[in-house]
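You will see two complexes here that share chain A, one where it goes with chain B and one where it goes with chain C.
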Partner chain A sequence: MKKVLAVMMLSMLWSAATFAAGTEYRMRVDGLACPYCAYGIEKKLKAIEGVGKIDVDLNAGLVVVDVAEGVALTEPQMKTLFQDAGFTYRSMTEKSLDGGAKNE
Partner chain B sequence: MNRVSKQGYRFNRRALGAVFLAGFVVSPVQAHDPIFSIGPHVVYKGGIEIAPEVETSKKGNERETGLGLELTYGLTGDWAAGIDLPYRFSKEGSDDASGVSDVSLFTKYRFWRHDTLGAQETAAVLAKVKFASGDENKTPPVGTGSTDAILGLTYGYESRKWYRWASVRYRRNGENDDRLRRGDKLLVDLVGGIRPKPTGYLEPDTVWLLELNGEYGRRAEFRGSNLPDTGGTELFLSPGIFWTYRYFAVKAGVQVPVASNLHGSQDNSDYRARLILEWHL
Partner chain C sequence: MGEIVLKALGWITAVLLGLVLIVWLVWIPSAREPGYAFVAAWGGPGNAPGQFHDPTGVAVTDSEVFVSDARNARIQVFDLDGHFKRWFGTKGDGPGQLGRPMNLSIAGDELYVADYWNDRIQVFGLDGTPHRNIGKTGKGPGEFNAPSGVAVAGNGDLYIADFYGQRIQQLHADGSFVRQWGHTGKVGILAGEFNYPIDVALTDDRTLYVADGYNDRVQVFSPDGKFLRKWGGPFAMNIFGPFNGWFATVTGITIDRSGNVFVADFYNNRVQKFSPDGTFLSTFGSKGTGPGQFEKAIAVAVARNGTVFVADFANNRIQKWKPKP
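And then the complex of A and B:
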């Protein structure tokens, strides 16, 4: 039991450390009217390796995604992803999760 | 009653049963589409929508209840296709029957989409083909015995607060083995909806709907002759609700007849109701 707990703790620490050094992307998306329809975005983003927390602000038309260190989301990739999910991608900003701005 | 007229009597009951069967002109309902009408919503590319449903209707002494399973796959972000697998319980007077009803294949293509902040305005075309897979020889029948086609055009607007839709459908009915052809149907729908409280992404969400569903049916034909007591116009007012949480939805509505002008001597519809559960995978 102790071994299992230790492995879980290490895994959580590794995960936190990886995402702490990762990137937060904030994407402006048009067409977001209801939470149910936006679920397709979450599903598609989660299919990308290294994607962690996802949040959607429907009123602001924002999709916020945390990715692990070494993972990058590109504009063409996001345009296609949102098109496939049935929405329109507009723009994207990114910042480092350790505090530094990368591209505001 | 001699043997021939007994057969004729049985046939006529069966034939007329087939005429009245499928009071529902059920079309695929996807995500935030109306309950009884069609809408332009399309499941995301690679997405699978699973929607079991129950529907019931009463018209005079005829009562029909149908169970259905609708499976839809997102071929692209704007194009989906699926299959509808129905099972029907029919009751007419003292007779009742049940069984697998007519299977349908359908596709929907969203040909126009205009996205703005918190709102989406779209239009789509829909095609559906219903096959003669149900048993039409039961009394009352659970299948129509004909291959029918439905074409539809639909427009929809959804925002954080308000919804509106307009659609038109035409159902072309085929002839069965007895050369009975149910009358073609034209359906016109106007729908409004409101989300009283715009909720966040991870919160349960409720939208209320009010549909106005108009149906015009031509007379059925039997061996080239019109059947007088068939076809006509009916207008329904249909309150409904969508309740969603994450990737799960419950949709329900009741169609209440508000006006009718049916040909000949026919019972008016008393009500129709539909309950759909839906998962996005």
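And then the complex of A and C:
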């Protein structure tokens, strides 16, 4: 039991450390409306390796995604993803999850 | 000169008023029955028993109400007065696990769940025991790209709204493909085409009603698959609005014992009721957080006695309504 707990703790610490050094992307999109759309985008983003937390703000047309260190989301990739989900990609900003701005 | 301008303005005003009158008379019907009265609401945001994090589907038996609790990845079950009874399902893609459960359907003693993220219809016993899965991810026959609603015929055939597939599929009970309506992956606004179809309902004779989500309309198909009619705003061609008989994103549809059609009118924060031929009968609900108000009415179910249950999405609750005498 202790071993299981230790492994879980180490796993959580590793996970937290990985994402703390990762990147937060904030993307503006047009067309976000009902939860079906929001879930559709979440589903597509979830399929990308290294993607962690995803927040979709229906009213603001804002999608915030945290990715692990070493993972990068590109504009062409996001344009295609949002188009497939039925929306129009507008812009993206990114900042380091350890606090530093990368591209505001 | 001034007189001519005034006359012209007068004519333009008269023509515009005439057009408004025509639109009003032709496309904005009046209620034909007393409507519905609010009875009760239950729920609230959270993940405790009886609380919801995005209720997205509702179905009812003679004694229980089943609710898709989407972000909690579970189905919750209540008695008809809203007392919590049990829940089942966890996050995941294994048997009995759910990834965003959406519209629900009950046939016999089984619950059919549109398992949106897992691209399958998952079938449970009413006690929550997982029975089987139908479908998988894909664009081919019998495959799904985010299934959002399901109806079941008397012979066990399934009719499934395939949201990103832009089609309705009919499958046999074993998942084998029968036919489809709509062009796979292609949005359309003409009859028989779809713009993110979200839910389906069937009559006993297999007349198919489709909640054609972003076309803001209902489409109806005969038992042999032919297009019969559509309604929702002028020409039922993706023109949305707040008037009687118009919609602003159709997210749920169900049929009562008399064949009347109930539609969850998402952005209009209401439920509308129609006769089987699409004649507007009544509406209930308005925007808000108080009793009888909705923050996005997303799904609707009708009990055999006519009581209506509505999933009130952003208020994270279920509402119960009864017909006015």
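Keep in mind that, in the parts below, the second predicted complex is superposed on the first by the 104 of 104 C-alpha atoms of A that agree within 3 Å, B and C clash if a C-alpha of one lies under 4 Å from a C-alpha of the other, contacts with A are read in each partner's own complex, and residues count from 1 in each chain.
Methods note: contacts are C-beta pairs under 8 Å (C-beta built on N, C-alpha and C of every residue); 3 or more make two chains touch, one makes a residue touch a chain.
Note that the coordinates shown come from a computational prediction; the quantities given were computed from them, not determined experimentally.
Engineer: Kindly classify A:70 by the partners it touches after superposition: chain B alone (first), chain C alone (second), both, or neither?
Structural biologist: neither
Engineer: So in the superposed three-chain picture, is A:40 touching just chain B, just chain C, both, or none of them (first/second/both/neither)?
Structural biologist: Both chain B and chain C are touched by A:40.
Engineer: Go through the superposed model and pick first if A:83 touches only chain B, second if only chain C, both, or neither.
Structural biologist: The first partner, chain B, only.
Engineer: Between chain B and chain C, point out the one touching more chain A residues.
Structural biologist: B
Engineer: Does the superposition put A:56 against chain B (first), chain C (second), both, or neither?
Structural biologist: first
Engineer: Mind sorting out which residues of chain A both chain B and chain C touch, each in its own complex?
Structural biologist: 33-36, 39-40, 43, 84-86
Engineer: What part of chain A is in contact with chain C in the complex they form?
Structural biologist: Contacts found on chain A: 33-36, 39-40, 43, 46, 84-86.
Engineer: Flag every residue of chain A that touches chain B in the complex, lowest number first.
Structural biologist: Against chain B, chain A makes touches at 30-41, 43-44, 55-59, 61, 83-88.
Engineer: Per the contact definition, I'd like the list of chain C residues that touch chain A in the complex.
Structural biologist: 54, 56, 70, 99-100, 102, 116-117, 146, 148, 163-164, 196, 198, 213-214, 249, 251, 266-267, 296, 298, 313
Engineer: In the complex of these two chains, what residues of chain B are touching chain A?
Structural biologist: Of all residues in chain B, those touching chain A are 31-32, 41-47, 76-78, 110, 113, 115-120, 158-160, 195, 198-203, 205, 207, 242, 244, 246-247, 249, 280.
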